[in-house]
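Read from first to last, the chains carry the letters A, B and C; within each, the first residue is number 1.
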């Protein structure tokens, strides 16, 4: 128990980094994904093509490869980013691509009658999207988005791969230096706790927002 | 005063010619029912009026303004974009499948367009909306979401939603076709009330008795053409066209 | 043309990485699918104790990162004296992780079959195992095909985690060549290979789903 208390500060520091990455990513992906999804549904041909390539490539290759490309590969082009910036960009682009597809499917699942009713009431296309289509879409994609959000939390462990001291990396360092596996179990418990809390939270949110259907 | 004038309207869905040169006028205060077999183009006709469908030929005038002209008709659209949009607002539309906004309560459905489109203050919009909901007999359901309403109630909210925009014309696209038989009456009752207020209305319907009772004119469509445009008395008592006779025999 | 020569030169290395990726991929699917199905049946119909154990299994394995589980196999088990070859350690980690996700998918599938199917089978005199084998599982398999296919596509991308524990997979080899030559091309080649594989799998699974959805 004393040992756990001595390693806890190190692990919590790692957790802090994991959570920072997570929260920043979650805040940034939604504007990106909503805009990209609208572009994919309603944009001009060129935008649609570019967005198709974006979601195809980013969803078709491993996040870790994308992370390596940005962190190790971009300096090749003279672009050097800090580890945290690299991680945020890689995660936002990756999770954003998945979320774009989720939202696109959500938009396309909205009945045509909703557009017609809005038009018949004199609403413009932007008004229709903002007031009628997107609010319904968001509620409809909530379950898929929540499970994506939980996956993303677990994916933050990948930042350990470029040497950042996140929860996973800190635990590993402690295990290799102290040659005791306790740190792993503590990290285990922390991951499990957080993802369980997220699941609870999201389930509650889904229930709250599903009242009207 | 002519509210709607359609001249020689053509409409295609791919290679399917759904409207074959339809011409029609609706005057202020008139109640016109459009009847005919399914697939005859009557819903398309209605949807062309408020431009949910683009016409492929002919001229569409609303309250004296040319809002759409297509093909070699020698007329240009005289309305500005803003005026075209204004004509939408003057035309309320009620759909067969209600198309209520499911994420909004009955009241929110009704105040949405007055606030978003007409930039009305919320308190004013709520006042209007409550009056309209009272008119369709659903003021007590104002905080209910559409999923908790019956079909007939949904359609009455949809009518209140259209009325809240203070339209000059109401278009009804088979307003009772998606309803259980016992719920048809409540919706027809609301439409009848509007008729008594001399609202200009175009109603696509299969309810023959209702059409006969409230209409000033009956239009019979078949295969993309208007076969008859007559008073209800003439239409039902002395149908001139053999197609109408067989249709009425089947319906009644 | 220099670029093309370079690609041809590094391709054999990269393909050897791809081979390891493919091996882990196939091994994972071969073991995780039956594991998932059995665990799902256990979760739905097993005795209380089995249900509790399986609940813990899926909760823990789905609640923690795969990379973490890999690290555990690689760095923690040796500390307590358990040593596997890297390949075995990786395979076990992937099988247990994907097995947990597949268990939940199968369980959801089994529970989505209407009660009427059990009742009809019972009325025909079928035993419970017969009902499961002949009636419930075949319907479940068809119904869970889409989520399983998307897991199978995810697995391609997850194999890249091997690189982090030092296994010479496609990503690691590409990264090594990149560091050695400081040339971006190995990354591009890796992008293209992953993209081809996942696109081909998506197409393939799409066809498979279509083939098996005819009856619904």
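Here are some notes:
We take it that a contact is a pair of C-beta atoms (placed from the backbone, for glycine too) under 8 Å apart; a residue touches a chain by one contact, two chains touch by 3 or more.
Predicted model, so just to flag it, every value in this text is computed and none were measured.
Chain contacts in this assembly form an open path, with each chain touching only its neighbours along a single line.
The chain pair sharing the most C-beta contacts is A-C.
Among the remaining chains, C is positioned farthest from chain B, on the basis of C-alpha centroids. Among the chains, the centre nearest to the mean of all shown protein C-alpha atoms is found for A. Look at where the CA atoms of chain A average out and do the same for chain B: the two points lie 46 Å apart.
Computed centre separation for the pair chain A/chain C is 21 angstrom, with centres defined by C-alpha atoms. Rounded to whole angstrom, the centroid-to-centroid distance between chain B and chain C, based on C-alpha atoms, equals 55 Å.
Across the assembly, chain A contributes no residue in contact with two or more other chains.
If you check the complex, the residues on chain A that touch chain C are 56-57, 59-65, 68-69, 72-73, 76-77, 154-158, 160-161, 168, 171-172, 175-176, 179-181, 184, 187-188, 191-192, 195-196.
On the chain B side of its complex with chain A, the touching residues are 50, 52, 85-86, 88-89, 91-93, 95, 97-103, 112-113, 116-118, 145-147, 158, 161-162, 165. By the touch criterion given at the top, residues 111, 113-114, 116-117, 119-124, 127, 131-132, 135-136, 139, 211-213 of chain A touch chain B in their complex.
Chain contact summary for the complex, chain C toward chain A: residues 59-60, 62-68, 71-72, 75-76, 79-80, 156-161, 163-164, 171, 174-175, 178-179, 182-184, 187, 190-191, 194-195, 198-199, 202.
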